[in-house]
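Right, one structure below, let's go through it.
For clarity, chains are labelled A, B, C and D in written order, and residue numbers in each chain start from 1.
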Amino acid sequence: MKEPAALADIQLTGDSRGVELQQVGVSGVDMPLCIRRVGRRDFHTWGRFQLTSSLAKELRGTHMSRCMSLLAELSRDGLSELSLTPLLRRAVTSLQASSAQISVDFQYFMEKGAPVTGLRAPMAYTCKLAGSLSRKNARELVSTRAAVVVPISSSCPCSKALAEEGAHSQRAVIKADFVLDPLENWDFLWIEDSIAALENVSSAPVYPLLKRVDEKSVTEQQFGNPKFVEDVLRDAVCLIRTWNKLRGFRVEVEAYESIHAHNAWACHQEGHFLEEA
Amino acid sequence: MKEPAALADIQLTGDSRGVELQQVGVSGVDMPLCIRRVGRRDFHTWGRFQLTSSLAKELRGTHMSRCMSLLAELSRDGLSELSLTPLLRRAVTSLQASSAQISVDFQYFMEKGAPVTGLRAPMAYTCKLAGSLSRKNARELVSTRAAVVVPISSSCPCSKALAEEGAHSQRAVIKADFVLDPLENWDFLWIEDSIAALENVSSAPVYPLLKRVDEKSVTEQQFGNPKFVEDVLRDAVCLIRTWNKLRGFRVEVEAYESIHAHNAWACHQEGHFLEEA
Amino acid sequence: MKEPAALADIQLTGDSRGVELQQVGVSGVDMPLCIRRVGRRDFHTWGRFQLTSSLAKELRGTHMSRCMSLLAELSRDGLSELSLTPLLRRAVTSLQASSAQISVDFQYFMEKGAPVTGLRAPMAYTCKLAGSLSRKNARELVSTRAAVVVPISSSCPCSKALAEEGAHSQRAVIKADFVLDPLENWDFLWIEDSIAALENVSSAPVYPLLKRVDEKSVTEQQFGNPKFVEDVLRDAVCLIRTWNKLRGFRVEVEAYESIHAHNAWACHQEGHFLEEA
Amino acid sequence: MKEPAALADIQLTGDSRGVELQQVGVSGVDMPLCIRRVGRRDFHTWGRFQLTSSLAKELRGTHMSRCMSLLAELSRDGLSELSLTPLLRRAVTSLQASSAQISVDFQYFMEKGAPVTGLRAPMAYTCKLAGSLSRKNARELVSTRAAVVVPISSSCPCSKALAEEGAHSQRAVIKADFVLDPLENWDFLWIEDSIAALENVSSAPVYPLLKRVDEKSVTEQQFGNPKFVEDVLRDAVCLIRTWNKLRGFRVEVEAYESIHAHNAWACHQEGHFLEEA
């Protein structure tokens, strides 16, 4: 019988392959996520997390259970700003790694009022936060990303110009991914503001609850403001360029064309988007 | 050392719980699917299969590998009609079961021409075939189902009536599920005909390839023919009721509203739809 | 110019097709969901809702915006028990329908302790609640369903018997769907209890956080307790049969076999499961 | 009435925003895909395509219908090698763009024999091909990527060392993404060879069809060869480094841990992986 007291730690076994790995850890971890917002009540949702770190070439394995402890801690403490840097610092220490990476996908909700009646209901926005931190020669490199998926509507300028009457319209989404300057204090208000601003580069926003007078208004706005995915993307790019504290961004627009079973799609990125994140 | 010659068959171990199970087998099995069509060349796609059978209360386990052999055989032989009954007969025999069930989900493609230029390109339709066979007192009960997902477009009658100009439109889908009379000879032409017929209960069909003159035509058709999901569903129900060899059907219409981030949805079923399948 | 004061209500237009529809409404609606638990603090998550009602043959369309108002109300008020009947009563009245149906899918979380160290972390369980209510001749028919997805592990008895050493094991899920007796008071503790009970019909439960001594324990439990999907299903069926206030149930077990790229799958249902829901 | 002969081409309207876009086109396009293999019969599957091109700052919109024509052509002609460069050349010309990008995701099938009985059945591998081509100062830059998802199994070295008997095992996947040297002649045999080679860095491969003697063999191989995701990743990295005509690669290993509901995950990339593709 094996000696239970021994409980060998196989992960610490040396490794002779000489390969340092960039990311090792846990993925697909669902946990509650409490968002602590300045001057407002906490918002509760849940996130799908990934937490990883580098693995030195001398070590055979990482400590997956420490990743889970760190995520459970984050789940208990909540998040008050967009930066995940404090957790990443604990991760590199706890995991004895030179770098660590985290990401979390979650649904965020905002009350949205109809354009005429003002009737309100919650509307969901899929968001993602991601961060990476690496230590090289006593220097710390940090990268933080925030991403939002904003549902909108588009109506087609070509279709409107060609047809006797009408124009085909469709649901579309703007997916924007921002590389944040980690020296800034980014809180969730910034997420809300960017969502609200991006909704306005559409033909018309979409709403959770519309009465007839609201539907009249949205239809007319949609029809009066036809835009290709290219137009939505260019307007989004011009808008985001004015947000001067970003290090980089990537924007994607996808329209679920109502005359096709496939989508119109456009994408553009600028700045330090492709750096290690 | 264990005697390799023994290779115990644990599945055949008796079971004392006294529970006969309705369905046991394999799921999530991807295999090539060749569709042999009368008077036309074979069509090649792949399917995601599930094959199960009942399990008598005296037996501990089924023979999963026999399910895989049967599916590999079906994958090699191909399918020339909508019925899966021959395979189910082999399954009940091979698996010594009183009933067997199969389903396969696959993409089917049809060339579709634009309404004015006639330019053609392939368009995908998600389909499903399912069958069940049970033997009770030397009598064989067979049930066969075929389902199609038909992408269409809808424009909103309410929006058109309210707005000065325009009407919101959107991509939508009709999901129709048919219980076939197993005495009929149902081949894939029937699937193609039902897809084509269902496309016409929309505000306008959707197309893979449209030139400007085609887009003008589709936009005008869409705008001239506004329909709620309720309208599309009722027209589909009225249409399908005229297909008099069906034992039952279920139709679902879902419109990806362009003024909302959620969907309008309607569903109706008639006949022996809920029988064991 | 159209008279804005008029704002025609196209939905109320008569319909001549003579088709009464079973379900019309909204789907894919994401909203916050607050679960009010007896003697414990509220639990906050979000749900994906569907709310529908029947549509009389004389009416052309339903009132989608009323569905959204009802869901927004439910989102604000929260849920303290598994029954959705109060909301369905408001729905049939508000929508002037003879029946209404609701369903909501959501992630529920429970703290789970490791088997030896007792270290705790949250673990996610996908749940669903669904209800239907119909009024016929001043009589009210109610059906309520609750479903849970319970991740477990299984190790293979056949593999263990055949191999010199070891046995293949894998992650698996038990999906259980219950038709509740609507006269009972079902609260979320019942959900928690059924999840905990179902975890124990596995080879071994799965855990969010395991230290080495815990991993030793779980591995030995898994290996010492090999079960086919058929075994897990039969044990689940025997267990659920003892829960004597259910009207019916359906249980499905799916094992993501570690020796295959496809799954072993088994399913069984009893009682009034197939009634209109 | 508008003059039909006019049919304005809104896409050609000038654009004053001065924003050149990197990618505009179609996504989510399902079409049949015929793979012409040297010395073997054609293989038929279908793909989900995306085709895009850059858009000069002077033009308002691209020609989505030309993207669809190009894809329909590719669907008709089939693919005999991994390079998509010929199509990208036609795309930049047809779309008057300085660069074009394409990707296609599809299921590829290979017959796989059981390790002892040799019994064969088809097994599915999810693959992706992607290419980009840009023209700058009469110079053509080409990048080609091929990716495969290879299902495998892993058994845990830590669990094996700790437990009296047994070790937890699970299904896992290796996702490998290769940047190919476009001067090479890469055909589908290369894809098959890389899948086969990657299957061997696992604890044991997975199979579609296993009889009892095969299951004994696979279980013993799995148990005799325990590997962390870190081990699988390092062995994959060492293997791929010997494939000396690649410009870069990215490998990801994900194990669906049978003692957890979340996954172990590891990732590593080398070479010119991050270049514009």
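Here, a residue touches a chain if its C-beta (ideal position, glycine included) is under 8 Å from a C-beta of that chain, and two chains touch if they have at least 3 such contacts.
Keep in mind that this is a model prediction, so the values were computed, not measured.
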{"item": "Far-end chain from chain B, centres as C-alpha averages", "value": "A"}
{"item": "Chain pair with the higher count of C-beta pairs in contact (A-C, C-D)", "value": "C-D"}
{"item": "Rounded Å distance between chain A and chain D, as computed from the means of their C-alpha atoms", "value": "24"}
{"item": "Rounded Å distance between chain C and chain D, as computed from the means of their C-alpha atoms", "value": "35"}
{"item": "Cα-centroid distance, chain A relative to chain C, in whole angstrom", "value": "28"}
{"item": "Interface hub residues of chain D, defined as touching at least two other chains", "value": "7, 9, 29-30, 68, 124, 158, 162, 164, 208, 210, 212, 216, 261-262"}
{"item": "Residues of chain D that touch chain A when the two form their complex", "value": "1-2, 7-11, 15, 17, 19, 21-30, 50, 52, 55, 60-62, 64, 68, 157-158, 161-162, 164, 228-231, 233-235, 237-238, 254, 261-269, 274"}
{"item": "Contact footprint of chain D on chain C as seen in their complex", "value": "123-124, 151, 153-156, 158-159, 162-171, 204, 206-208, 210, 212, 215-216, 218-220, 222-224, 256-262"}
{"item": "Residues of chain A that touch chain C when the two form their complex", "value": "4, 7, 9, 29-32, 44-46, 65, 68-69, 71-72, 75, 107, 109, 119-122, 124, 208-213, 216"}
